[in-house]
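As structure tokens, here come the structures.
Same chain, two partners: chain A is paired with chain B first, then with chain C.
== the complex of A and B ==
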């Protein structure tokens, strides 16, 4: 009977939770230990030729003030912002179409196109972009066929941006669609009945009401992109560097673990500050709604 | 001659193989309150959406104030619409909501502020300008939506079941209030509902709809007392249906034999029937009263106290379905109980239609 079942669950659930608490604590402990290791490496001196770091120092953070490193931080922030904005611009109409199309077939088709990249690994997706953007790739072949010559796309910021947008788009579309689903279609009809053209209705009613969803999706895309590694590594080919590529080069090419750790900590701090600012903005927007 | 506020000429709307509206024609006079009444799926909402412009007719023409708007988009039609959910903009204050239509028309700030204040005074929401819609009660939200629709001085006000989201207890008062506001604004109104009590209470005229057709358009009294067909007679108000025979047609009246009695009925629906043909006589339950000469009699099955009146249900051989219902004053029903045999006297006239083949 249903009553017995629910009683059994009622007794079982806390026990199950207690059983899961131990592995959860162990995982948490492992993460905390890894983070702690990075923090303590960041504050130790690099001894050339040695894997073991030296004594306590702030030098790893002071050295980051160099224009070279500031440039990489800045480029990373710009790429993240660019990716977030482009994903939102491309994702909004897609999310809209998924919600408002009457045809189930069209809806399934758009969803499939949007979601499939999530099931491909990042490496597969990235190699796909190399094939598309390469000197004899799909796009250049198409350009040549139209007699428009060739364009340098692989190993450029634009190419990396395109690939990064492809990575974030599925999650942005899903988050935007979730936000847009809360907006009653009757509101758009009401705006039109009051004399607003569909465009005016969109900008005065639909868009302001979708701001929380836009901010949430944008924040996620931003944070997601900040930790991107394989995409800029392969599509950027060393010419377009983000923080994680720099950390990789310093850690595994120069074996300067302390400086790599310090860069990682700075990147983490930068992400935290940006996310805090964005979440503050989101809260203010939500209060106004 | 005053121009009609709204005129529909043979408007048809199809959705694929389904025809939602069959050649509907209707006129709303300036300031008139007309209700589209019918069960769900009868086409009343389609008709409202066609007038609003959210859909375009497959055939026929729609005129607002004498001007054809059949191909004019919603935002150029100058309509005011109150939606079932009110559709107030949640990110705007009450005043901003009401001002929305004025701003869309490019009306200056000073004039817009005056008109918003006037509209809010009209619906008694002065002082709540800065509230958000979610901070208003259901009734207040409805009045804010009404102010937003009226402030643009629309050519026609469209009300899409605006009371269905409210508690039953609130509705009566709000119906009276909406009607008073509409009368004060002097705006022609098309009101959609499936609730016959709302329709009877509020309308200047009612258009009763079913299956995509307007069955009858008339004043509440006409529709109630002189239904044009079986559907209207059964849908608007309660009815006890008695089996009878056509005795004869004399001009515009018909004689109907029910048992020993002869009732008068409107002849129009019975034209073409031969003498002695079976007909169904529709009697309003409040026209039946205990006593003689007995029009019908039967064993009481249940006595339902309704406050102001008592509904007595009885088994009755003459009635279609074997059941009859009489609506009596509580005083007359005192002492009635299930199992007693009750004789009821009836009116001298009724509505009658050709008998339906027993299913």
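== the complex of A and C ==
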């Protein structure tokens, strides 16, 4: 029941409503102040052995033009893009199954398995992956059982990628399913009744129509992966680093908080640009549909 | 569904469930080093996990932070959603942006921000800092949940109460709030879960004394390789599944999910 919304209450008591929003204003301003604190730190000099930053400088941004840091930025972008693409590829069949399965039981079963990890938090899930990928972990035991030898999986980019996809998959499935729910199955059946093969019906009708959902889910997966910390830290074990890991190391191992802040600012700028480009692309696609 | 699609879906479900299942099995391994499959079984890691002081203190901190942050965020979020939905005012878009922005800012940046802010202002790094940080992080989810409920609420009920002479404060208390209850409950539950599982920001703003359970677990994984964490994870996984079942019964899974679609970690 989409109710008719009235703002009569607002007209009757603007003061009351304004007062109700006051605590949220304060909370939002605290958040803005925290972001400003990062910007301010980023422009201050690091005084070794001191927690208090020194004078104004651009050095923290200039120093980022080092191959070491550019490499981490590049790796982060690749991991984000790779995770987004892989979770879309894995998520699409799952979203499809949730929507098109006739049995209610099967649907609830798939949905329950897909969303449970969402509520487990980063640490429990990442620990699970250490046990799966470790040198004497589950996968290596399985490989040995099949007589396939052992494989180095922990502390590799592939291992980190698998764990990152695991983190983003639930949200990608939910977003893809929400997008697919708007597409009538009849459209595809119509294409097939006009002589198209099921595959052609899918690629010329359903897939293009679900493109906005795919882009939205991909964007979210990209942004989530960018903010991942525990997964690359523990599964990557220092050999696979993302910006988040670098920021933490600089802050808590070297106590160089100004440089950590500057890296965080650059990371924010990088994601902002990427997300803006992705939203521009989404708008283009939606206009063409 | 075609057979190959069924097999693909089963394989993908296996991929999703694998880490949790493997962790639960390892939790019962008698040996003190990770080695799959277990040769002998024991429950001693559960005893160690439940008696380890850092986990006990961490669980206590996590509960305190979760309860305060989720209740505060629900109250703040409900107020903000009501005002954003019912009132036209200058700065409306600014308020919306300020409240929703933590969704798109990585948690480690939020944590670093509050750490530097508190360091600069000379404020202590105690539990209030953790609570503030968590309130900021979960607020967008509460606002969204309540806002969705407000949009589907029949505004004519409020109009009727107003036109019959009820003062606005009473209309809010006796008409709007009871109708909003499911949205508020969904938002609170989601805020509580997010706060309890939050890690990255908490790692930055907590200290040895105020560390939450996920932070204590992270520190343990970095130092020891025994299956205590597997035991703790097993308890965590079972509790979470029971909570999800309960939420599905009382609130409906789709309602809880409706609040989380555009999520942030």
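In this text, the second predicted complex is superposed on the first by the 269 of 289 C-alpha atoms of A that agree within 3 Å, B and C clash if a C-alpha of one lies under 4 Å from a C-alpha of the other, contacts with A are read in each partner's own complex, and residues count from 1 in each chain.
As a working rule, contacts are C-beta pairs under 8 Å (C-beta built on N, C-alpha and C of every residue); 3 or more make two chains touch, one makes a residue touch a chain.
Quick caveat, the model's predicted, so the values are computed rather than measured.
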Fit or clash - chain C, chain B, common chain A: fit
Which superposed partner A:151 touches (first chain B, second chain C, both, neither): neither
Geometry of the superposed three-chain model: angle at chain A (Cα centres of chain B and chain C, steps of 10 degrees): 90
Chain A residues touched by each partner, larger count belonging to chain B or chain C: C
Contacts of A:194 with chain B and chain C, given as first, second, both or neither: first
Touching partner for A:24 - first (chain B), second (chain C), both, neither: second
First (chain B), second (chain C), both or neither touched by A:275: second
Which superposed partner A:132 touches (first chain B, second chain C, both, neither): second
Partner chain(s) touched by A:63 [first = chain B, second = chain C, both, neither]: neither
Touched partner set for A:289, first chain B, second chain C, both or neither: first
Shortest span in Å between Cα atoms of chain B and of chain C, once chain A is used as the common reference: 14
Residue numbers on chain C that touch chain A, as the complex places them: 1, 5, 8-9, 12-13, 15-20, 22-23, 26, 33-37, 75-80, 82-89, 95, 98-99, 101-102, 104-110, 112-117, 119-120, 132, 135-136, 139, 143, 150-156, 158-159, 162, 168-169, 171-172, 176, 193, 196-200, 203-204, 214, 217-218, 221-222, 229-230, 233, 236-237, 240-241, 243-244, 253, 257, 260-265
Complex contacts: residues of chain B adjacent to chain A: 52, 54, 73-76, 78-81, 83-85, 87-91, 100-101, 104-105, 148-149, 152, 158
Chain A to chain C touching residues, read off their complex: 1-10, 12-14, 16-18, 20-25, 27-35, 37-38, 40-41, 51, 90, 93-94, 96-97, 100-101, 110-125, 127-132, 134, 136-138, 140-141, 166-167, 169-171, 174-175, 178, 220, 223-224, 226-230, 234, 244, 247-248, 251, 257, 260-261, 264, 267-268, 271, 275
Chain B-facing residues of chain A, complex: 184, 186-187, 189-198, 200, 204-205, 208-209, 288-289
